[in-house]
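Here chain A shows up in two complexes: once beside chain B, once beside chain C.
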Partner chain A sequence: MEQPQSDSYQGQSGGDVSSHDPMEPQAAREHKTFLLTSLAGLLFLIAIPFLVGEYYVSLASEILIFAILTSGVNLLLGYTGLVSLGHAAFMGVGAYATAIGSSLLGYPVWFVMLASITVSLVIAYGIGLLSVRTKGVQFLLITLAFGQMFHAIAEKTRYTGGDDGMTNIPRIDLSLIGLDADHDRVFYFFVLVCFVIALALLRLVVDSPFGRVLVGIRENEKRMLALGYSTFPYKALAFGISGMLAGLAGSLWVQHSFFVNPHIMTWQMSGEALLMVIIGGSKAFFGPLLGAAFYVLAKDFLSDITEAYLMFFGLLFVLVVAFFHGGIAGFIARIFNRTGGPAGKDDQ
Partner chain B sequence: MSQLSVKDISKSFGALSVIDKFDLELSMGDRHAVIGPNGAGKTTLFNMISGWIPPDKGTIEIEGLDITNHSPQAVTQAGLARSFQKNTLFDWLTVAESLRLAVQASSNVRFNFLQPARRFGGLQQRAHEIARQMELEPVFHREVRTLSYGQKRQLEVGMALACSPKILLLDEPAAGTSHAERATLVRLLTTLPKNVTLLLVEHDMDVVFGVCSQITVLNYGRIVASGTPEEVRQDPEVRAAYLGESASHDGEVAHV
Partner chain C sequence: MKQTNKFTSLVAGVGLFAAASTPAFAQDTVKVGLLTDFSGVFAQLAKDVEDAWMLAYDERDGMVAGHKIEIIKEDSENSPQVGVQKANKLIKSDDVAIFGGVISSGVGIALAGVADKEKVPFVAGFAIADPLTGKFCSPYVARTSFSANALQAGTGAYWANKGIKTAVFMGPDYAAGQAMLAGFKNGFEAAGGEVVLEELTPFGKTKDWGPSLLKAQQTGADMIYTFYAGSEAVQVVKQHAAFGMQESMPLRGAMWIYDEALWDAMGGVQMNAIHVTNYTNALDTEASERFEKAFMDKYGRLPVASNAMGYTNAVAIFDALEDAIEANGGELPEDGAAIIDALSALKLDNDPRGPVHFNDDHNAMQEELYMVQIVEGEDGKPTHKLIDTLPYGEDLPGCEMQ
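What follows is the complex of A and B.
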């Protein structure tokens, strides 16, 4: 700070600011913005099946399922600062657990879903305990290795159809409330309910003292250690929660498409999840949802025109990283800022 | 019983002996500085005491508890917090959020993951107190990266202080500061509560003589002299090794 020597005792002293409310005005405002955005978004999501045709309702289901996956991935990427290339494996665990439980073993789907989520949480937490002791490239490689391992298991297992996978997987039975989930509109609402529960849980987590610790780890892990935090258990639990959401996404995915094969757990799938998060905006809570929406819609649009839609994605990714810091969410926040709307902390 | 007791610790990196048989006893409320020219081993010493580097031999105790091979986080939990010579802060968080994280570390809510952090008003209040103490109140809600360098140094001390330590280790708190910023820091350090024991490594003699009542002089990893500022100032070996030199390097940015 450029300060003349003579007034070193001024300018930095507290003055009467102590009368200020110590509650953070910005945090309170952000919370309000968040609630309003969520409500508006939810109303829009509820309206979708009444506005568009069956095909687009199905696409919307796909978007929400991917959004559960990517929001989970973002707990690691955006909040904790960990890049995992193994999350497709947990999606696969959720998917296969659901397929095996319902199709091969004949358990009811609601029960199988709960089991799938639990299994993904436990497996992800275990793998988290092993991987979060590393960081950077090492972490990326160890998660990649675990992911490939699960992929190989799925490919080699005769019981689940090996490389061909399994078909005719049932959707959840909603006959108790007089509905049939085989209708895409009905299934969409079921996915929406799961999505809302998943994101509400995630919001609780990132808003909690635990969530603040994750952000501290992202910002400066060395300082967190110096403050007395043992960072491993925090990172491992974040990894577990993140894997659990991936598992839920997988469980919904097999019901959505009625089949599963090992392709769902390739490392490319993990990479595409990361792309969605970054394109959508990793610094914003709803960034991954926007990324998933953009991904699914653009893929649908581009694949009509060309097989090489991923090339366009690569190009877009480069553009976002180079010019649109904060992704789509950051871009939107900047527009709002310019018009005097809510301040976006999301953009860099 | 002394509060911090460092007995006979040594550290070598390969053939190079960085710290050789270092001893230090601090009682509650002491204001102690370790000084020495660049490469004297001050930062290595600090890293050993705060758990970042294990010593080759010797023991370190806090109030009789052996912390010699404890991790940094365990050392902090045992009551010894440190600051860093090079700013180690949360650039994209506000001062309030940073201090709250620091306060939260020693509270029992740190692993709570299903309640909003803003509900814990006690943390916020304590964070605010620290900000007031460190004269960071006007920038309480600003992001750390927007602070002046001097304010970042104040926060660096504040973060360590927010751990409610018994012993506070400050690694060159005034490193890289201007004269005016240094004056502020000295004033803040002299007003720290008396029940906190202070151990600092510092290059700047204004800070050392302004804050500390006991000084240990280190050169090539060995204690050259130890005593009150006056005794140290008079010591011929010290004058040769350090003070004479430092006068000509006044204002240099120190990197040990």
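What follows is the complex of A and C.
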């Protein structure tokens, strides 16, 4: 097995599955840099609404929402080594559950959000039980098939407006603390809170023995089996958690855009999520956030310049994949390592 | 951050011309968003709409009520997500007074939600889904094209009154296809006809219409009424001809199935086909002749239905801005709903489609629809011949404006 090139590569400690001593010096240092970079990043994210105009605040909300989705995808891709093409479906489940609950049934949004997250967890876990028995291309195809199935259901359901979808979906009611989420800056902070909670949970998961087993599965599933781990339930639960985060992203998305239609569940959407992870760096904990930011901002910037922006966009992807080993996060990590800067800065 | 002052090259040229021909003192500009599906399956329609917008812009020298118009173009890519993001940009970064365009119904409905929440007026240029001005109607939303039901119910009634007793409906199985079916059925059955078979084919996945055509043939109905567009339309028309059904069970529909852009691909089998449309360049009213000439002068070709739709869209937006600004003492009104109110009060008597006005749901209504036949023109190329006019249908109810 290849040894990690730098200690800043989160979760690449596949070799130490059996090591449970959290206080070994390297792990402790790693943990400290992680906390520091997270804190610096968080301060930056808090500052954004005070620095830029309303449109860019709404773009920033979009980035955080996608970052929740892609961080979930990365639990499978980066940590467990499973490539799913069906995550847009779970985003769609969260989105539709929120839209139905709040817009059609009239429940309060906070309650509907909790329900949406639970529903996407349960559905994703169920689908995980069925699909993680397969590997590689078969796994990719079975998740794609499930994704298309959900898309078709959404398209056919008259109750939710079929292909037309639903609009005028309310945002969360924050009047208890005297705020109105219809304002973009307020809504941004709400998304930020959800983002922090989601990523903190995810961090707990990947740092736990459970997360170590996932990394072990990625590196060598047969060895894990030989060590006596039954890998199947681990993979299924990882799939469920990853789907739950996608559901949260979907729930936030409908509130962000006041709107949902089956378009949110297309396989292209799942593909975009994978691209974001790969561009950002699937080996780094914050890689998906960097990828989402790069994706949304590059698209916004390029589409302002030219209508044929997809061509340049494609070119950019090729360059990133070809030359940025380990995505943007990996690139930053190498720069810091070469200049002797603090390891782990790539996290943010 | 980058504040885009975004004239594309065409607008820039036009803008320079307009600036040269207007007094040289500084005026406030009024920003108008043209948000439409420049890429994706509706690219051609979007280009048609854009061309018509630029014509309407030229015709008033880029001015509205003493203010200079600045058109900011954005591509919604036929994706509601992208559309919402671009609408956010137009509203929050460019600070547009109003935005229009939009071909896709999916994008249109998404934008209706944004417009309603952000209280910035949105005027759909195509987006014919009934709910846009029905269930999703808003004081900030209007539409200058028509609703699926108005067009199809009018046509259904026409055919039933012409003695067609039974019809087969064929169309793609998604929201638009279902809406067209419902509209046609409403009109056709109310006037005494009967839809004997509803044949909905999987959207975007069907290549062989043989089984559907066979089923239709077995019903012995008087005609097939269809809604297909693009490559699906070409295949249906060709296979229908190959089945030798053109005489026994003619294939009829609206402008999409026999769209001018598809004639080359159909390779001649479209000749003599009859379809309904809400604009044809075969019209010879004063207003349509004028539009035809102006369009011909600018672009060197005849306008098509989507050009006319884009033209109504731009003219309605500009006229509404003019009225709203004048009513507000030369300034843009604070509340965008005033612009939509002004738009709703417009009587577009010189519209190339015929006189257009707006109903209480802010949806365009025109006086009549046109039944056209594709015939050989004087130059040997296929062209439209106007064979009849028919009354316009009604919108579906369902709008509860707050």
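Heads up, the rule we're going with is that the second predicted complex is superposed on the first by the 311 of 348 C-alpha atoms of A that agree within 3 Å, B and C clash if a C-alpha of one lies under 4 Å from a C-alpha of the other, contacts with A are read in each partner's own complex, and residues count from 1 in each chain.
Here, contacts are C-beta pairs under 8 Å (C-beta built on N, C-alpha and C of every residue); 3 or more make two chains touch, one makes a residue touch a chain.
Keep in mind that what you see is a predicted model, and the values were worked out from it rather than measured.
Between chain B and chain C, B contacts the larger number of chain A residues.
Legend: residue contacts after superposition of the two complexes on their common chain; A:162 is shown touching chain C, with no touch to chain B.
Contacts of A:263 after superposition on the shared chain: chain C is touched, whereas chain B is not. Chain A meets chain B in the complex at residues 1, 3-5, 7-9, 12-15, 17-18, 20, 22-28, 31, 204-205, 207-213, 215-216, 219-220, 222-231, 233-234, 237. Listed in rising order, the residues of chain C touching chain A in the complex are 1-2, 4, 6, 38-39, 75, 79-81, 84-85, 88-89, 91-93, 105-106, 109-110, 112-114, 116-117, 129, 131, 136, 174-176, 178. Those residues of chain B that touch chain A in the complex are listed here as 50, 71-73, 76-77, 81-82, 84, 88-94, 96-97, 100-102, 104-106, 109-118, 120-121, 123-125, 127-128, 132, 135, 137-138, 140-141, 148-151, 154, 159-160, 162-163, 178-181, 183-184, 187.
Residues 52-56, 58-59, 62, 155, 161-165, 167-169, 182, 184, 257-259, 261, 263-264, 300-301, 303-304, 307, 310 of chain A are the ones that touch chain C when the two sit in their complex.
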